[in-house]
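Chain nomenclature is as follows: A, B, C and D, assigned in order of appearance, with residue numbering initiated at 1 for each chain independently.
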Amino acid sequence: MGVRERLARRAAREIRHGMVVNLGIGIPTLVPGFVPPDVQVLFHSESGILGYGGRPRPGLEDPYMINAGGEPVTALPGASYFDSAIAFGMIRRGRLDMTILGALQVSARGDLANWLVPGRRVPGMGGAMELAQKAKRVVVVTTHTARDGEPKILAECSYPLTARAAVDLIITEMAVIEVTPSGLVLREVAAAYTVDQVIAATGAPLRIPPVVDRYGEDEGRA
Amino acid sequence: MDVGMQAATGKVVSLDRALSVITDGVALMYGGFGGVGTPPTLVEGILEKGVRNLTLIGNDAGMPEVGVGPLIVNRRVARLIATHIGSNPVAGELMHRGELEVEFSPQGTLAERIRAGGMGLGGILVDVGLGTVAEKGRQQLAVGGRSYLVEPALVADVAIVYAARADLLGNLVYEKTARNFNPLVAMAGRVTIAEAGEIVPLGALDPETIVTPGVFIDMVVQSRGIKWKWSWE
Amino acid sequence: MGVRERLARRAAREIRHGMVVNLGIGIPTLVPGFVPPDVQVLFHSESGILGYGGRPRPGLEDPYMINAGGEPVTALPGASYFDSAIAFGMIRRGRLDMTILGALQVSARGDLANWLVPGRRVPGMGGAMELAQKAKRVVVVTTHTARDGEPKILAECSYPLTARAAVDLIITEMAVIEVTPSGLVLREVAAAYTVDQVIAATGAPLRIPPVVDRYGEDEGRA
Amino acid sequence: MDVGMQAATGKVVSLDRALSVITDGVALMYGGFGGVGTPPTLVEGILEKGVRNLTLIGNDAGMPEVGVGPLIVNRRVARLIATHIGSNPVAGELMHRGELEVEFSPQGTLAERIRAGGMGLGGILVDVGLGTVAEKGRQQLAVGGRSYLVEPALVADVAIVYAARADLLGNLVYEKTARNFNPLVAMAGRVTIAEAGEIVPLGALDPETIVTPGVFIDMVVQSRGIKWKWSWE
């Protein structure tokens, strides 16, 4: 199991039975594969469907059926189609229990930057601003550091923001970090890392409570 | 109520359970147009429960015996936001006697204000009513060199709608002109209750034809039958 | 044929093949009965239907099917149902070719008052403001004077307005009057009346062109 | 074009007739989400006609070979209002070289701006993007003690949509997630052209399931077939 799958597996544990959940592009799209069958979830997509299911078998893809990431999906019983205005009405109105998003940077206050790398990449925000600002719970899955080793979890984001004070939980290959009103709190450390390693790779103060759980015990070092 | 859990376990509840969220003084939004599409079983339940001091938000005052009319006739309503009260003479009398506060809104503006509330917007800009009393109490704003009234979004403590069919997730389809304000109202309640002519299993509704996705609906109650076949009787 | 029917018949002559038309309550609801069968019209109702047809036979009324006046109607092939927000989007967007409305007062500039009689009747404006302000052509059908004999066509309306400079044509039992940028122009006089009678019953200056048509020649005096 | 007359006589036209209203410099709004639901025959026609200097308004830049992507790749677009261009790398390159002006809007805000245009509103009030660059160039307004951005409505000279089925009056139904922005865009064109997978007689569509009433549609053209089965190929 690669890093992406391990992040998706840990993120899937945040999902409770009966939730309405939106998944961002990238790693979050792997999450459904790790949700236990007895946990029923309504997956929401900005492309205009609530209640989509897994990828159809090769050759059975429907050209009219995609999620927001452009991947082919199926419809589960109870699904509905609607236009993109309604799709975002659901989000702004707070009817989404959770969104799981990727990140470029997250600040100690939960500010999220995930749509623009100044001078390099300007893909645009898509629906990320609505999701980050309005979902009841915002879970970020991301590598702990950028490719150049720079921390992505920072006292302040340097990239343009997607939303302020939006993120509730950060899941990385090293740790699970909760964003609280008093700052970042380390909740779990991955089996392959130490608390000190997490602190060293994090660009913001990290409160270490007396008990820090481990996660991914069964996996060994990446 | 944990809406999330309801999503998976079904939202169908008893009339009593639904009525439990409708208490004295709440702001109650309702679907319907001249009574057609106003949920009759819920209105009757509210009346029988004896709820008072309601703020009603909807298209009209119904007729004395139809739609929300009986709530007004029986003095359960302190305030009404509507587009007209012409079909319920009692509403006009109460208004003139100062026993019912009425705020009028142009019909299309009211529809959009309700929708805006349901969509999580702060309001809309509209030029209908410029140069009329509809300007009263409204900010004005210039956009692109044109003047508009700022019409604030409306949400309500409880919204009630009538649907022809509902499934266990609260997905709704309406019937003909009984649709009217219902899909808008359905989105604009802090809690929304749908009264359905028929409650069907998951998968029984064609997902392409669902007008109100169930995520906006908190509770579904079985209708005891419509009773608005009146205007031509 | 009573006055109401004669007004409706004259108003029906304004309707052209292929138009999208909204009818106000009262006399305007009688108009469809006078539209020739070869003139196809899409009738629009704020209750959420485009393409409604006549009243069903007694006993066949559908409790789910009304027009904005609360009357039972039928659906013609090509009809569509929609919510009231969409119904008014059509109006505000200028997709209605014509509306035929009742009036309490009309001014020389085409101001319309039809929703409130101060101190007496406050029914509310319903959808009249949108219709009067936004339909491409606004035709008013009304008695020429109020029950007390006071003119309803005035230099200025004294009642609260529905819309300013909205009315294009006024049809009464006495005359057909066009609202132009330079004021009211008498276009037709009913068979039963003289031009002088019309002028006397009108509370605003009336331009009399060289040719004034007659209408309702076949009916005799009411 | 007399839209009124079209209403009764049928709106089905040839591709050439439809393309005649799409000329150099027009603002062109399009449905589609990642290319799914963008009318392929119309886009191909626009490309072949050689129209230049377009302003495009829609969700995204498609992919280089999909959706409106080819119009961008072939330098027919001067300006783009969209929510992201991530799936079309050429759009990003052109933007960086200053050859394509791009205005980004949050996705839900863009959807509502387009709808507002289609509904004849002046704009909407939305709090999404407060405290971000989305504030740039926007008026702010307080309503009910809360701050909102004023987002102006968007209309376009021409709007193009893809529908699964259209009838002779231009009534439209969509298919699954190919609906997306299409019903919004359909209302927001000064002229709207619908490309339909199938054109059916009056009465063939259930009036209850029509998503876009034909009154918003000026012309209907027959699709030569969708070609967006790409992302998993």
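Everything below uses one rule, namely that a residue touches a chain if its C-beta (ideal position, glycine included) is under 8 Å from a C-beta of that chain, and two chains touch if they have at least 3 such contacts.
The model shown is predicted, which means the values in this text are computed figures rather than measured ones.
K.L.:
Measuring centre to centre, with centres taken as mean CA positions, what chain is farthest from subunit A?
P.N.:
Relative to subunit A, the chain whose C-alpha centre sits farthest away is C.
K.L.:
Please tell me whether B-C or C-D has the greater number of C-beta pairs in contact.
P.N.:
Contact tally favours B-C.
K.L.:
On a C-alpha centroid basis, what's the spacing between subunit B and subunit C, in Å?
P.N.:
30
K.L.:
Subunit C to subunit D: how many Å between their CA centres?
P.N.:
It comes to 36 Å between the two C-alpha centres.
K.L.:
Distance-wise, how many Å sit between the C-alpha centres of subunit B and subunit D, to the nearest whole number?
P.N.:
So the centroids are 32 Å from each other.
K.L.:
Just give me the whole-number Å value for how far the CA centre of subunit A lies from that of subunit C.
P.N.:
58
K.L.:
Which positions in subunit D are in touch with at least two other chains?
P.N.:
112, 119, 121, 126-127, 174-176, 208
K.L.:
For subunit C, write out the residues touching at least two other chains, lowest number first.
P.N.:
Those would be 49, 75, 81-82, 85, 88-89, 91-92, 134.
K.L.:
What topology does the chain contact graph adopt: line, ring, star, complete, or other?
P.N.:
Shape of the chain contacts: other, as it matches none of the listed patterns.
K.L.:
Can you identify all of the chain pairs that touch?
P.N.:
Every pair of chains meeting the touch criterion: A-B, A-D, B-C, B-D, C-D.
K.L.:
Where on subunit C is subunit B touching in the complex?
P.N.:
Interface residues on the subunit C side: 45-49, 61-68, 70-72, 75, 81-85, 87-89, 91-92, 115, 121-130, 133-134, 160-164.
K.L.:
Under the definition above, what is the set of subunit D residues touching subunit A in their complex?
P.N.:
33-34, 36-37, 59-60, 82-87, 92, 95-96, 102, 104, 106-109, 111-112, 114-115, 126-134, 164, 174-184, 211, 226, 228-229, 231-232
K.L.:
Please name which positions on subunit D make contact with subunit C in the complex.
P.N.:
It comes out as residues 2-9, 118-121, 167-169, 171, 187, 202-203, 205, 207-208, 210, 213-216.
K.L.:
For the complex, give me every residue of subunit C touching subunit D.
P.N.:
Subunit C reaches subunit D through residues 16-20, 40-42, 44, 49-51, 75, 77-82, 85-86, 88-95, 97, 134.
K.L.:
Under the touch definition given earlier, write down the residues of subunit D that touch subunit B in their complex.
P.N.:
Contact set of subunit D toward subunit B: 112, 116, 119, 121-127, 139, 141, 143-144, 146, 148, 150, 152-153, 173-176, 206, 208-209.
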